[in-house]
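Both complexes below contain chain A, partnered by chain B and then by chain C.
Up next, the complex of A and B:
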C-alpha cells in the first residue's frame, strides 16, 4: 500500500526509538493472534485455514489463507516420477487485493507461487510415501493455497498454512494387483471362444528365464480409510519475515508497516530434528541493502523466531489432531 | 461401491436422507471479511460460497463507467479443491466467465445503480466447496453481501435449484442429483414475486417445467425468511455493539483491571 511521507516517517521513528513503539502497541517481535483450523475442506486429502490478526469479535480484517492438498494418480508417461511429485500453487482472491488490476494480481500470484513451490518441492523435503507402482504410477500431490484477505505478513501465513495442510494430509494405502493370463487347456473352461490377454506372454522368448512382474494396476486397501499420514510431516518449513528499519528488525508487519520497512528478509527454516535447523530458502524483497555481517545476525535471530513459531504451531496441530480424531472416535463410542 | 444409489426411494427419501421438497442445512455468516464493505459466507449443506462486495467506489478503469449509473463488476474464483476431483480453473475460463456474467445480469435490474453514477460496485465470489447448486449459493450469498454493504436494492434475490426425477420434483440438489436428473436454477424477488433468473442446461419436458418453476418460486420465499432473519440478527448485534455501556456493567470481552 502507498502511504504518505509523513505517516511513513511517523511509524519509522516509532520503530527506531527505544523502547520501540508500533502503531498497535505490540513489541517488535510480537505476532498478532494466529488462529488455525485443520480439516476445513472435507473433500481434500488435507486442509487448513489460517488467519493472522483477525478481529476476534467481528471476524474482520487479518490475513487469511486457505490451504488444501489433493492427491492424484499420475502415470510415468504423463510426466510423473517414480517417487511422486509435489506441486504448489498460490491463488490470490480478487477480494484480498481490491485495488489491483487483473494483470497485477496474476503477477503477484506468480511470484508467491514461485517462492512457495521452489521451497516446498525441493528434493530434501520430498515425502517417501508418494510411490504406488515403480515405473508406472505414482501420487501427484497438489497443494493449493488461496489468499482470502491480506493485512500484511502474507508469506509467513502461506508457509504456516502449507505446513498445517501437509501435516494434515493422509495418503491412501495401496497395493499391487497382478493380472496373469489363464492357461489354455482342454480342461480350462475359459479356452473356448474367450479372448485371453496374451500380452503377458508376448515378446518373451522361451529362453527368457527372468521372473517378470506383471503388476499392471493397484487397488486401495480400504475404500473408507483415509490412509497414512504424509511422510516427513515434521520436516515442512516455516517462513520468518524480518522487516528491517535502520537499527532494528520487527516481525509480523501490518500493511502500513510493510510499506515503511526498506527491505524485508524472508528466511525459511526447517527443523529436521529438534536441534538441527536447516535453512530451506531465503529471499530479500524491497529496494534496501543489507550488509553481510547484518545478515549473519539476522539469520541467528530468525532461527530463534522460527523455533518459537514452530513450537506454537506444532502445539496447535497436535491439539487439532486430538480434536478431530480422538474426540470424534470417543464421541462415536459413547453413542 | 456396491449398491446403486437411488435418487428417490419408495419411502420418499433422497440419497442424503432428505425428503422431496426439503432444503439442505442453511448457514449464513454475515461477519465482516477482510476490508470488504459487505461480505457473506453461505453454505447450503456442503456447498460453501464466500462473497465480498466493494463499493460503490471509483472505477478502476474510467472507460468502464456509465454516466448515469453504477457499473457492476462480478469476478468469480473457484477454488481448485472445491470439488471431489481437483480442477484448476484459470481466470479466463469460459465456464467461470459465463457464471460471472449470469450473476451480473441477475443483479443489474435489482440493484439501484442509478443512485451512483460513474462508480463501480465490485462483487467478488469465491467458491470454497461445491456439492451441487453452486449458482444458487452464489446468488444468495451475493444478495446478502450487497445488503451487508448497504447498497440499495429493489428486493432480495433468492435462488433455488429444482429438478425432476421421472415425475417427482425435488429442490436444492446435491452433486449426485445434479449429475443425474434435469434441473433448473430459478432466482426470484420474493416481495414483488418477479423472477429474475431462470437457467437450465439439461432437457426437461415442458409439462414438468411449469410445475418445477412454481415450486422453486415458493422455495424462494422460504429462503427469503431465513435470509431476512440473518440480516436482522446481524443488524441488531451491530446496534447492540454501538450502545453505550453503563459504568460497572461487564460485557463479554471486558477485562476488569484493578
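Up next, the complex of A and C:
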C-alpha cells in the first residue's frame, strides 16, 4: 500500500522517539493477539488456522492464514525419492490483495512460496517417517498455505501456521506386503482373486534370474487410524520479522508500519534441542541498508523474540492436542 | 498428442536428454567425503574472476563475469520512461534473469521458470539499496541477466549481482557504491567461500552476503539450511572481508575499461 509522505513521516517520528510510539499504542516488541486453531480441515492430514490481530468482538480484520498438509503416495518413477518429499505452496486469496492485478498476485505468491519452500523442504528438516517401500513408493507431503487476509506481518503468520499444521500432521502407518505367485501347472499366471502388481515386471528381462518373482505393495495397518505424528515436529522453524527504522527495530508491523520500515530482516529460527538455537534462514527485504554489527545485534534480539514466540506457540499447540485428542478419547470411553 | 515439453514454435530436441558419460575414472568431487579437506583450493579461496564491462554496445551499460564454470552476461537499458504506468516518484528497478537451455547439465526449457524469478528477486534485493532511484522519477531501469553457464544457485546470485553492479557503473547510473557479493557454504565445521554446485549440495547450509564495501553496509543476506548463530556471524565476517578484497579488483577493472 502506498501512504503519503506526511503519514509516513508521522509514523516514523513516533517509532524513532523515546519512548517509542506506535499508532495502536503497542510497545516496539509487542505482538497483536495471535489466535490458533488446529484440525480445521478434517480432510487434511494436518491443518491449522492462525490469525494475528483479529478484532476480538466480531472476528474481522487481521492477518489470517490457513495451513493444511496432505499426504500423497508417490512412485519413484514419477519423481519421488526414497525418503519422501516435502513441497510447500503459498496461495494468496485475491480478497486479501484486492489492489493487485493477477500477474502481480502470482508474482507475490511465487515469492512467498520460494521463501517458505526453500526453508521448510531443506534436507536438514526432513522428517524420517515419509518412507513406504524403498525403491518404489514414498509419501509426498504437500503443505499448502492460503492467505485469507493480510494486515501486515504475513511472513511470521505463514511460518507459525506451517509449524502448527506440521505439528498436527499424522502419517498413516503402512506395512510392507508381498504377493508370491503360486506355482500352478503349465497354465501358470495369476490365480483368481489375487492381485498381482504387473508394473513390477515391466522393464525386467526374462533372463534376469535375480528378479524376485513376486509383487511388492503396502497396506494400511488400520484404516481408521490417523497414524503416527510426523517426525521432527519440534524442529519446524519460526520466522521473526524485524522491521528497521533508524535507531530501532520493531516486531509485528501493520501494513502502514511496513511501508515505513526502511528494510525488514527475516530471521528464521529453529530450536532442535531446547535452548539450542539454529538459524534456518535469513532474508533482507527493502531498499535500506544495515551494517554488519547491527545485523549481529539483531540476530541476538531475534533469537530472544523467537524463543518467546516458540514458547507461546508450543503451549497453545499442546493445549489444542489435549482438546482434540485426549478429551475426545476420554469422552468416547465414558459414553 | 501434445505432451508437456512439446513446443510448436521451436524445433524440439529429443524428449528425454541425458548428459554424456565420460570414462575418466570418476570425478574427484564424487569421491569427496564429509570431513575431508576441500578439493583444489583452500576453504577461504575464491575462484579467479574475469569481469569485463561494456561488451554489449547496444545496451546503455553491460558487464560479463566469469567465475570458474559460472558465466553471466548482464545488459542494462535505462533509465527509460515507464510506459502505461501511473506516476511514481522513485524510479523502478526491473530485473529479468534467463537461463540459457545449455546452462545446466539437464537441458532447461526456454520458457520462463520459477527459478528465474527467485534469482531475479535475490539480485534485485542485492542491488536495490545502492541505486539512487529517487533521482529518476517516472523512469525504469531494465536489467537483463543471461546465465550462459551455471554452477550452483548461490554462485549465480553472487556473480549476477556483481555483474549488475558493474553494469550500472558502466551505464553511468548514479549509485551510492558498488555492490559486491560473496557466496559461502558451511561444510562440516568450515566455511567454504565461493562453493560450486557439488560443494553446496554437500553442505549443511548456504549463505550469500551482498554488501557495499565503500560504505561498509550490507544490502542483502540470503541464507538457507541449518547453521548455528555463531557460525552465521563467522560467515558474515569472512564474506565481508572477501567482499572488501573483491571491491578493489572490480573498481580497478571499471577504471581501466573507461579510460
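Things to note:
In this section, the second predicted complex is superposed on the first by the 303 of 335 C-alpha atoms of A that agree within 3 Å, B and C clash if a C-alpha of one lies under 4 Å from a C-alpha of the other, contacts with A are read in each partner's own complex, and residues count from 1 in each chain.
We take it that contacts are C-beta pairs under 8 Å (C-beta built on N, C-alpha and C of every residue); 3 or more make two chains touch, one makes a residue touch a chain.
All values derive from a computational prediction rather than experimental measurement.
Considered on the superposed chain A, chain B and chain C are sterically compatible, since they fit side by side. When the two structures are aligned on the shared chain, A:312 is found in touch with neither chain B nor chain C.
When the two complexes are overlaid on their common chain A, residue A:101 makes contact with chain B while staying clear of chain C.
When the two structures are aligned on the shared chain, A:39 is found in touch with neither chain B nor chain C. In the superposition on chain A, contact is made by A:299 with chain C only, not with chain B. In the superposed pair of complexes, A:227 makes contact with neither chain B nor chain C.
Shared-chain residue A:68: touches chain B; no touch with chain C. For the three-chain overlay built from the shared chain A, the minimum Cα spacing from chain B to chain C equals 12 Å.
Common to the chain B and chain C contact sets on chain A is no residue at all. On the chain B side of its complex with chain A, the touching residues are 1, 29, 31-36, 39, 46, 50, 52, 54, 60, 75, 77, 79-84, 86, 88, 91, 122, 124, 126, 128-129, 253.
Listed in rising order, the residues of chain A touching chain C in the complex are 107, 110-111, 114, 118-119, 122, 124-125, 263, 265, 270, 277-292, 295-296, 299-300, 303.
By the touch criterion stated above, chain A contacts chain B in their complex at residues 41-44, 47, 56-62, 64, 66, 68-70, 72, 89, 91, 93-96, 98-99, 101-102, 106, 142, 144, 146, 148-151, 223. Within the complex formed with chain A, the chain C residues making contact are 114, 117-118, 121, 125, 128-129, 133, 204-205, 211-212, 215-229, 232-233, 236-237, 240.
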